[in-house]
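For clarity, chains are labelled A, B, C and D in written order, and residue numbers in each chain start from 1.
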Amino acid sequence: MDALLLLTPVGAASLAAAVYLLLGWRRITAHVASAASAIILADAIALAVHVTRRGPIDVASGWLHADALSAFMLLGIGTIALIATAASPAYLASHDGERDGSRRRYAVLVCLFLAAMATAVLAGNLGLAWIAIEATTIVTAFLVGHTGSRTALEAAWKYTVICSTGIALALLGLVMLYDAARHANLTETDALNYTLLTAHAHDLDTGVLRMAVAFLLLGFGAKAGLAPLHSWLPDAHSQAPAPVSALMSGVLLPVALSQILRVTAIANPALGTGYARTLLTVMGLGTLLLAAIALIRQRDYKRMLAYSSMEHMGLIAIGAAIGTPLALAAILLHIAGHGLAKAVAFTSAGHILATEHTTSIDRVKALARRQPVLAGIFAAALLALLGFPPFSLFASELALARAGFAAHLGLVIAAALILLLIAFAALAHHGGRMLLADADHDAPAPSPALSTRAYTPLITAVVVLAALGITVYPISSLLNAAAGVGH
Amino acid sequence: MSANPVAVALAVAGGFGLVASTGALVLPARIRVLATGGSAAASGTAGAAAGALALSGRTYAAHLPNLLPLGGVYLRVDALAGVFLAVTGAVFAVAAVYGIGYFRGHGSNRAVQAVWPLFALSLLLVPVAASVSTLLYAWELMALTSLLLVCAGGGEQARSAGLWYAVMTHLGLVALLAGLVWLAAAAHTETFAGIAAASGSISPAVKGAVFVLVLAGFGSKAGMVPLHAWLPRAHPEAPSPVSAVMSAAMVNLGVYGLVRVGFGLLHGGSRWWWLTALLLGALSAVYGIIQAAVETDLKRLLAYSTVENLGLILLAVGAAGILSDSGQPVLAALALAAGLLHVATHAAFKTLLFLGAGSVLHATGTRDLDELGGLRTRMPVTTGLFALGALGAAALPGGAGFPSEWLLLQSLIHARVISGAAALVMLPVAVGAIALSAGLAVATFVKALGTGFLAKPRSARAEHAHEASGPMLAGLGIAAVACLALALVPGTSAPALARAVNAAGLYVGGLPEYADRLTAIGSTLSPLLVVAVVVLLVLAIKALLKITARAPRRAAPLWDCGAPPLTARMEYTATSFAEPLQRVFDDVIAPESDLDVTQHDESEYLVARVAYSRAVPDRIEHRLYLPVVHTVRRAGRMATHVANGSVHRYLGYGFCAVIVLLVVLAAAR
Amino acid sequence: MNELDITARTMTVSVVQVLVVLLGSPLLVGLMRFVRARMEGRVGAGVLQPWRDTVKLLRKHRLDPEGTGPAFRTAPVLGVAVGAVAAGAIPLMATGTAFGTGADMIAVIGLLALASAALALAGLDTATAFGGMGASREMTIAALAEPTILMAVFALSARVGSTNLPAIVAAGAAGASRLASPASLLAAVALAVVVLAECGRLPVDNPATHLELTMVHEAMVLEYSGPDLALVELGAAMRLTVLLGLWSSLFVPFGIATGTGLGVLLLGLLVFAAKTAVLGCVLAAGEVFMAKLRLFRVPELLAGSFLLGVLAVAASFFLD
Amino acid sequence: MNADAEWLDVACGAFLLAAVGVVWRRDAAASSRLLAVQGAALAAIAVVLGADRHHPELYAVAAGVGLLRAVVLPGILRRAVTASTEDRETRPLMNVGASLLATAGLVLLAYVAATPMVRLENTPAARALPVGLAVVLIGMLVLVTRRKALSQVTGFLLLDNGITAIAFLAAAGVPLLVEFGVSFDLLLAVLVLRVLTTRLRASFGSADLDDLRELHD
């Protein structure tokens, strides 16, 4: 039963991939990916219930492991995947010129992507998690380059090289961690099992562990879009198909970040909270700074959304640096909220691109008047990302600030707030230009008009996002338990 | 066990508000405006009733742990909250009634009608909040809903106003968030009750920093100079009923927050806090009214007048703090009561004025005073009611603004009892600011009324104006009644004010002792008597003239210097009316005027055409904000070097990080 | 709850004051014109001339200039009514007036401002360039003058701890030494300047001019004729009398009746008449030697007096 | 024991020298040959360690590593090189002299930085550990300074070889399953990069990374 819970997500996604590989993208297979996502989501719910009631599950001598954090992340994967895969048919339909092979490849890779991410969050062994995360890079490389344009290829190259390099650094850290663990008398299989590592953290050699943690944070940070190896993010997110951007921004970054949480859980007892806190603070504030200044003169709305992802990841990194239970609960809620909001934002940006035929902020004008529903959804996502209530990002940012001041990191929070203000101003400026600015000529009616059915998942997501900001009552025990894992 | 009436009233307000909002989304156009307007008005009335109950001494507290993730909602209603609940609810109800007429013309915009009851509800939630998280949640909800309403019109102007508003209000939020969260962290609890109990043990330095942050945050919402830049842009952009709610209710919440945190949570603190508040209040009052005096856009003029009045209120709060610090709790209570009374009176006349301006905009399609004129004959009722509001805004006897400014001066008269040179230097400044703003307010509103409503129409749009519809006039009428009540019998509010001041925590003594004092001073002022005598005399003289007159009045032509006809182009416009004042305050407002004379082809001594244009840019805005904007833009240019597209550079960042890391780790060993 | 102090005595005081001001103010204007004419070497009209003008005007037809409305018709009446209320409230001949605690300094100043605002609105209502110009200039001056009055009286009130006029005047009458204080002197000068401005006297405005470009008050009331004009003139005269009386009561309160006896009241009345006449003569004499300031120099004058007012308030806080 | 230590030193020396050689020789063909040498050295390290610690399974790992890193990956690179002729690194961002100087500095840094790991277990293998770290850093240097797509792949492989070497030297290799997964990922990554190189060449006309400048702020 336990094994089934842990294997179902990976299995469902892999099976879907196999279906697409064999049958290709057809009318009857169009919703297989959505079905797989739904299965992942259902499994995540079951897992969440199981984990909060009976505690963590270990399978295959610790290679697979599910605790509240895993369940929470899997819940996120399932939800965002459902939104993204539901948007895929519309995306593929709007690119009529594509060949069947290209569609098949898209579908297969998306499913493999999901499988890899599910593996990453369900792995009990850091080595396995690493393999899964590197696998996401490989799988998404072709998704980023999916359109085959020069810029898409360029983005794919940068994405693959930078992420592989970054993740290699994480491997280096992992090797060092393994070294330290082996010398703390852990067996070969146990030496990368994070549950056992956390338990034996005090036995690890501090000198080696310091280096290991630094490389792990740097490496997983690269995949999470944190400075200094962040530069792939705006390129990849802006070039990838909209549903893939949604998945990358909404799930992939947090999955990488959850590994950072695992690492800090090992580092903090052994090295004291100060060490990881300093590293994460520097990375988080650096990311925020880079995102904020890059947003100021942004011209491309997909890049704008990508930098906004960086901004939020920076904030989450700062939350991880604070590390108190309130901060961890806050970043988990933030991950959930950001994932939903970004999924909606990227998907609707995809619709905007499909109807306006441009990614330039300047050339999209008076959207609120010309496409009210789409503009409303996009605006709602943008407002959520700007941190307005009732969306949950407000609650999580507020809790983050409270946790920061309570942990005597007031200056860090103050700096982050100022950078957030700059990012806010920039986003509001660009968003306002797209939605409200006068159209300088009689802008043509958008082509092709989208069916309302395409909007349904997005509106649902916005409502969920708002509901999460009002109450998290159904998942509050999961949230608290997950926050306890990282502590 | 019976339910708490305050809770019931609040629940009713919330329920009707949500009904109004949903109704706007789902109802068919035919009944939508009436149904949503009706339930919005019911919601506002219930809110006002909750406030009135709180002012009569009832309290209510609740804790809802499952709402607002990671924080929980804490609610508490006391008399201080009651003042703001009552004012907000009443303004909302009046604006809702007015809106039934107003939105019928602009019926197509469902979104506005759906959002604006939510906006009003968020306003009602702010004074009820009793923890840091709850307050900030309500605060941002208010920011979001009002932002949507400001942007609702669409187009470039709404975009620009919305951007200013969004950024400034977020700046305020950042200050507020930092301040309040810091305070909560220092007190180890985030409920107001807990903070109030623990604030004695917090170090004065932290409290001082918190106060500065909170002053900036709440002050920016209250239009405190120099954080006012958003206000004259955003308020006029929103639909007029919403402008009224923003200008008459929303800005007050900045004052509420400052009073609640400054007196209730921090228990007064140092004198320099309140000196700062008083000085900024004085600055806002004078700067606001000078800008209003030279403004020609009717709604912007009213918005600047809001800056002025909120400045006066801030000044009153500052004076209360100083007096309290000097061991004069009774005088402090008096000053604060004056401030709170002014909150109510300002709300009354500003609602009336904004709604009146809305009727004008609705009837003529313009807000430019230079293009108006002659509305007296076309919109007689609106003109009369606007005049009543203008009387209040000018703080002349008979107007709503007079009693509160009078009460404030009363408290300052006794300021001699306080010690300390700095405060004594500041107080004359404060009195001067009140006096100057009162004088300029008279000129400002003579201009607004005289050039906007009297005289002859100066444009076709004003020429074809028509009287507002029934519901709009009803809204104006209710506001006018409130104005009159506050102007003529302000003394009746004394017990409620005393309770509110007590609840503010400024004075922790028994209620009766200074309630008597308040009532006594309240009765010293008898505007009713003075106004009644003046009115009687006027009527008597008129009657006398009529009796003694030999013939009825007859019309006569105007003096046209023998060169008829007189045209509307010869009239004094708002711009020309304000020109002398503009010259007087030349150094303060630095107007940009441009005179373009085109000579005749045949002789350079003949003038073919003269074009005069004038702009009064907000000087503080130019000096303070533009440099910041430029700096940020420069930083934005830097970003292009950071992300220049070179994959080598991108990898280099990582490489450098690794090297630095290894060096630091090696060095730190 | 209005603590009206209506006794036979206070009623008498108020009614007498109102009557004296109403009947006497044209005489004061006549006196000033007479003095001025004599000093300029002219014969001049008699002291009664303003009354003769008023009576003549009151007999004329009442005309409504085209397009004017209630604002235009009400302003003159309001001016007279406000003048009467001020005359009844301010302690001119005795410290006790019928308004009791309602005889508030700020309220009286506010009423006077209300009357000028009403007249300015009337000027704008005519929709002529003259009316607008006069109104604009009048309000500019008033906007700066009103604060100065407030400051000056505030300096005096702060000392007493009340803005009640009888209280202030009574305190002044009781302790002459207080009148020589710096605050008092500064306030006296500030108030004097403002009284000139408020009443449209030189150097702020020339009451005798009819040259269009220099007019302020006269431009504003250009359209009035007949009984309306009579009321406007009467209102202006009453305002002048009341303000001069206020000034003298505040700074030279000698002889003002504080007791209840009929003789004392009578003496107070005579002293008031004498003081006002003297002040009027001094004013008229001064005007002979003064030229009108350019309009845009007037604010400088008023700013100066405002500054004096601020200093007076500061001095009253600091030095007493 | 001593003999093993000497063999280990020889293998590690070859390993490091191959990396330095990549820095020194700029053209891709030479780089792929040097990579093959380095892969062989890596396998040799594994063999020596297996003999030393009596880990028979290390021989299997060594065989796998040798196959992948000495034969398959360099092979992929070589085929890519022969597919085009213009992939000689004509002017790297840093000239050869400076690169070699920087390499020397990086090796020094690696020795200093690796002390905690060396201190953890004072064996000949651990003492050789800085070599792995040095190769990691050299790999990054190559990644940062080479203009051609394939040269960057070379750098990436150097980086990975270094990490594997550290794994062997420090703890006789990571768990077999992990090692297998890592190797598989590496192979796929290189294949992906290879495919992308081809496509880049098809759409940009060359695989010069300086041409990849269209995406920027």
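What we mean here is this: contacts are C-beta pairs under 8 Å (C-beta built on N, C-alpha and C of every residue); 3 or more make two chains touch, one makes a residue touch a chain.
Bear in mind the structure is a predicted one, so any value in this text is a computation, not a measurement.
At the centre of the protein atoms shown, by the Cα-centroid criterion, sits B.
Set against the C-alpha centre of chain A, every other chain centre is closer than that of C. Top-ranked chain pair, ordered by C-beta pairs in contact, is B-C. Centroids built from CA atoms put chain B at 42 Å from chain A. Taking the mean of the C-alpha atoms as each chain's centre, chain B and chain C sit 35 Å apart. Note: centroid distance chain A to chain C, computed from Cα atoms, is 77 Å. Note: centroid distance chain C to chain D, computed from Cα atoms, is 99 Å.
In chain B, the residues that reach two or more other chains under the touch definition are 639-640, 642-643, 647, 651, 654, 658, 662, 665, 669. Chain contacts: chain A has residues 157-158, 161, 165, 207, 210-211, 234, 294, 297 touching two or more partner chains. Chain pairs that touch, as defined above: A-B, A-D, B-C, B-D. Note for the complex: chain C touches chain B at residues 1-4, 58-59, 61-67, 69, 71, 74, 77-78, 80-82, 84-85, 88-89, 99, 101-102, 104, 106-107, 110-111, 113-114, 117, 120-121, 123-133, 135-137, 139-140, 142-148, 150-151, 154, 157-158, 161-164, 222-223, 225, 227, 231, 295-296, 299, 306, 309-311, 313-314, 316-318, 320. The touching residues of chain D, counted against chain A in their complex, run 113, 115-117, 119-121, 136, 140, 143, 149, 152, 156, 159-160, 162-163, 166-167, 170-171, 174-175, 177-178, 181-182, 184-185, 188-189, 192-193, 196, 199-200, 203-204, 209, 212, 214-215, 217.
Those residues of chain D that touch chain B in the shared complex are 93, 109-110, 112-113, 115-116, 137, 140-141, 143-145, 147, 152, 209-210, 212-217. Across the complex, chain B is touched by residues 157-158, 161-162, 165-166, 169, 207, 210-211, 214-215, 218, 222, 227-229, 231-232, 234, 290, 293-297, 326, 329-330, 333, 366, 368-369, 383, 386-390, 392, 394-396, 398-399, 401-402, 404-406, 410, 413-414, 417-418, 420-422, 424-426, 428-429, 432-433, 435-438, 468-473, 476, 479 of chain A. Chain A meets chain D in the complex at residues 63, 125, 127-128, 130-131, 134-135, 137-138, 141-142, 145, 148-151, 153-158, 160-161, 164-165, 168, 171-172, 174-176, 178-180, 182-183, 188-189, 191-192, 205, 207-208, 210-211, 234-235, 238-239, 294, 297-298, 303.
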